[in-house]
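Labels A, B, C and D are assigned to the chains in the order they are written; within every chain, residues are numbered from 1.
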Amino acid sequence: MKLGMIGLGRMGANMARRLIQGGHSIVGFDPDPDARKALESDGAQTADSLKALVESLPGPRNVWMMVPAGDITESTVGDLLALLDAGDTLIDGGNSNYKDTVRRAKSLAEHDMHYVDCGTSGGVWGLAEGYSLMIGGEPAPVEALRPVFETLAPATDQGWGHVGPPGAGHFTKMVHNGIEYGMMQAYAEGFAILQHKQEFSLDLHQVAEIWRNGSVVRSWLLDLTARALDENPTMDGIAPWVDDSGEGRWTVAEAIDLDVSAPVITLALLERLRSRDKDSYSDKLLAAMRNQFGGHAIKKE
Amino acid sequence: MKLGMIGLGRMGANMARRLIQGGHSIVGFDPDPDARKALESDGAQTADSLKALVESLPGPRNVWMMVPAGDITESTVGDLLALLDAGDTLIDGGNSNYKDTVRRAKSLAEHDMHYVDCGTSGGVWGLAEGYSLMIGGEPAPVEALRPVFETLAPATDQGWGHVGPPGAGHFTKMVHNGIEYGMMQAYAEGFAILQHKQEFSLDLHQVAEIWRNGSVVRSWLLDLTARALDENPTMDGIAPWVDDSGEGRWTVAEAIDLDVSAPVITLALLERLRSRDKDSYSDKLLAAMRNQFGGHAIKKE
Amino acid sequence: MKLGMIGLGRMGANMARRLIQGGHSIVGFDPDPDARKALESDGAQTADSLKALVESLPGPRNVWMMVPAGDITESTVGDLLALLDAGDTLIDGGNSNYKDTVRRAKSLAEHDMHYVDCGTSGGVWGLAEGYSLMIGGEPAPVEALRPVFETLAPATDQGWGHVGPPGAGHFTKMVHNGIEYGMMQAYAEGFAILQHKQEFSLDLHQVAEIWRNGSVVRSWLLDLTARALDENPTMDGIAPWVDDSGEGRWTVAEAIDLDVSAPVITLALLERLRSRDKDSYSDKLLAAMRNQFGGHAIKKE
Amino acid sequence: MKLGMIGLGRMGANMARRLIQGGHSIVGFDPDPDARKALESDGAQTADSLKALVESLPGPRNVWMMVPAGDITESTVGDLLALLDAGDTLIDGGNSNYKDTVRRAKSLAEHDMHYVDCGTSGGVWGLAEGYSLMIGGEPAPVEALRPVFETLAPATDQGWGHVGPPGAGHFTKMVHNGIEYGMMQAYAEGFAILQHKQEFSLDLHQVAEIWRNGSVVRSWLLDLTARALDENPTMDGIAPWVDDSGEGRWTVAEAIDLDVSAPVITLALLERLRSRDKDSYSDKLLAAMRNQFGGHAIKKE
């Protein structure tokens, strides 16, 4: 089918390519002309404005946004609200907060437009291996997009699903990322323990390869960890600095709102915050306290 | 090759079967005659005592123990020390504490016997899919056992490896289990958050199936979780009681000994302890404290 | 000075009493006539409506709210906005979220009214021992209330302070409660460890009394814990169920917003959530997973 | 009474001084002649060897060790075993692991000597304010030492107690220190949150002073924290490096052995380990994983 794709960054461009390879017809838009040119060479039509993109699509239109969550998604939705018609469907494939999604879906529904949220997992590997898609929305517009989901997913009938009403897709993706934080931290801690056990001089890449086959902890994240350990077993030159992109925080907040104790997901997030605090005030104060009550020496900076 | 297998429980019997299917010749021993009979019907020879087992093997012998860690392993090693000869190799495929393994290996070395520790992962699925094997020991006896490892592992050259000196195999398996605790807890927390979000009425089995294909959190544990959610999505009739078998505790203790902060693995263990403490003294005391300073009501038992 | 007191529950009535004992003149309001009557017998004037209370105070008025945070505070502020005049001061002595306080202060400022937030600690003991007061607001109205703060605090010049602009008082009180959660949990865990060490048959009340004198962990919370352990050392009849009242959650959310890793305050909150989840879905799922991969028995409900 | 004091460091010398001030007669030993000389000027007799110290005491002797836990305590006990006589009492006032204490008490009992363990809290302030003493041992030798405990404690009948058999004193002190870790971390996190809230420009020393009077979190640790914040509110020049001295680790290990979930004490320990790991392998690996699956940029060292 014919689909507009807004946002031709790492994720959007790859998804457009996978759709083109699957026989779909894509009109792409990105403010960066180089990004548009790159996609044209892969067989897409492009537009140099949202307006031009909307006008190039036959109604009822399907427009997929793959833009950063937050302000850019908000303004893009606002702009499209003025350009789209009743019956059109807008898909948010990014990592929006599900509460924003619920609000936006209501706003579009007032104009008889459809809003579909698609939590998308797969990262840079999705082009080749397919994306895992968690879809929220009203049944009709989701069903209308079936050919698109079947192409984007790893297999026609696997790796995608309509999980609930608007917001349910982004909610599910949010929790997916929370789990991801916990799993990553579990591996990272385990390999750190192995690495510190100097008396055994373990080859961490070898261990990861053994575990990849037949062990209880085998996973795609372990496959990637094995690659990272192969390329750079000592993690040479890599700063111990771990970013986070919002979904972990939202998962922690949501768990607390739901009265669910989720210590592992929570601690995985806190460790990322901790990794970036090289000058911890609390640790300094602890050192000062120990000095106060016990006369313990303070390490000077 | 010809191998003695001591302990014909769930793990030992399956490993013997996989070895037989791979063309090896097995002499099995278990104190339970039914366990011996069951293995005989799969093509093994059996012995009704350790002594008979040892006598039925040609030297230099290879004897694999697959018995519970702790006292039973300790006494079995003691008994075999009196039965084996210099040049023989004893393999511990169970979940022994690596410190015990280091000690036992030294003890056998004094009698010119070899001790090989094989951390074994794969659970009840290992018979069909192969086991992941983390092997510690001296190079010569490990190399001599190569045909056995190649058969037990998922593939001839994958899923097994000689990771270091005696104890290194069990150490690596211990950390493997620590990671397993963390991963399991991450999934469990995530699905609990989904389950509590009643407004979306999510189908947890469906979500697990979507994630199994293309998502960042896909793994073998997720495959099994999907099975569990398919069989019993509400977890009906299952008590919220999670056992632990020792390796998580050892991983936590080891991390602290190595000055490695491993919050996720640690909290995953603590949650298991917490799951079994239905009458938490600390929570009662917290309720009593709140009553003391704020006059907050106490819930009566 | 003459002061209106809205909300004559446990906290508000005691604060009114302490003010009366300090020579101030109080007009109290509570929708409950019994609460009004009780305060009258302690020397207060009362009013049977907000309007009557406001009319009974000379301008510029000082009105202190001691009502539950959230909806009731919101509606009370709204009602008073219509009754008060420019130059009047409204004090929120409750546990409001500081973000609401910032918003309300702006709203009153548009009518040239003052809003002062007073984080109040001390619980049921405040009447006798004085309250610890963390005050936010513009300098002039805070200074005008000095006689009130000097009376409510444990001493004229101690236990109260103007910490910053509107919201700063409630923010500081919020963090105070976060610390309180962490301290309470630390004591509760410690006493639980002592209680489980059956071989030493420790007398927990005795231990608390020893610690109250000269130890590093002496504190007012320990004094109260000693009382609780004296009254009921086995915590007999008390359910292991720990409520929380919001400020712990806000502290955790704020820490994450500020990129501060606060694991102890966070885990103290999670333990309270956990204490109330007697049927943990995540623990059930963990048990089911263990059964799936290892054939481990599931405990039935 | 007459008492030998072995170890005239910060703790031992101060305890000897408090005993002298209380009318006791002290014979002190320390391998450092300066330490001996310093105590002599405070009115103690000293000895230049363990043998001389033992010989200078009338039987049945009471010898108090105030030396570092571990190897030095072990060798001192060994040396004294050869010097003391049946009926003599050896007191360990240091921070020994209670398991060592149980073992040593048995060893001395075989020679009809008494071993008393005295968990001692109070730090550098104990000289002036008295020490909190948690005492383990057989009833008779503990009772014989009553005059010593009455002098060392803050008051004759407060701040000390015989809590159980040999080992119970050190066990109780161990848990005391675990609680201390949790409380310290709770305060440190709270003040760090206040410090990061730049929009309120809070004066942390002022906040601490407010809380010291009438608040729920008032404590001796808060008094000391207020001092630290007064001296150096920005923690200028203090490295974020927090040592630990063993008892926190033991508390965590003991809690796990007893199947008690103690997340706050545990996380307080882990934060100390984390504070000293400036080059976290796990954080580097997390950054590498994020790059592998999502193409996220790695920060270079």
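Heads up, the rule we're going with is that a contact is a pair of C-beta atoms (placed from the backbone, for glycine too) under 8 Å apart; a residue touches a chain by one contact, two chains touch by 3 or more.
Everything numeric here is computed off the predicted structure, so don't read it as measured data.
S.K.: What's the overlap between the neighbours of chain A and those of chain B?
M.R.: Per touch definition, common to chain A and chain B: C, D.
S.K.: So which chain is the furthest away from chain B, centre to centre on CA atoms?
M.R.: In terms of C-alpha centroids, the chain at the greatest distance from chain B is C.
S.K.: For B-D, find its twin among A-D, A-C or A-B: the pair where over half of the contact pairs carry the same residue numbers.
M.R.: That interface is repeated by A-C.
S.K.: Note whether the interface between chain C and chain D is symmetric in residue numbering, meaning over half of all numbers used appear on both sides, and answer same or different.
M.R.: Looking at both copies, the contact residues mostly coincide.
S.K.: What angle, rounded to the nearest 5°, describes the rotation that places the Cα atoms of chain A on chain D?
M.R.: So the angle, rounded to a multiple of 5, is 180 degrees.
S.K.: Just curious, how far off is chain C from chain B if you go by their C-alpha centres, in Å?
M.R.: 48
S.K.: Between chain C and chain D, tell me the centre distance in angstrom, where each centre is the average of that chain's C-alpha atoms.
M.R.: 33
S.K.: Let me have the rounded angstrom distance from the C-alpha centre of chain A over to the C-alpha centre of chain C, please.
M.R.: Each chain's C-alpha centroid was found; their separation is 39 Å.
S.K.: Quick check: what residues of chain B touch more than one other chain, meaning two or more?
M.R.: 123, 185, 187, 189, 192, 196, 216, 220-221, 259-260, 262-263, 267, 270-271, 274, 282, 293
S.K.: In the complex, go through chain A and note every residue touching chain C.
M.R.: Its residues touching chain C are 216, 249, 252-253, 256, 259-263, 266-267, 269-271, 273-274, 276-277, 282, 293.
S.K.: Once bound in the complex, which stretches of chain D touch chain A?
M.R.: These residues of chain D touch chain A: 10, 123-125, 184-185, 187-189, 191-192, 195-196, 221, 224-225, 227-229, 232, 235, 237-243, 263, 267, 271-272, 274-275, 278-296, 298-301.
S.K.: Per the contact definition, I'd like the list of chain A residues that touch chain B in the complex.
M.R.: Touch residues, chain A against chain B: 121-123, 126, 129-134, 136, 153-155, 158-161, 163-165, 167-168, 171-172, 175-183, 185-187, 189-190, 192-194, 196-197, 200-203, 206-207, 209-222, 251, 254-255, 258-260, 262-265, 267-268, 270-271.
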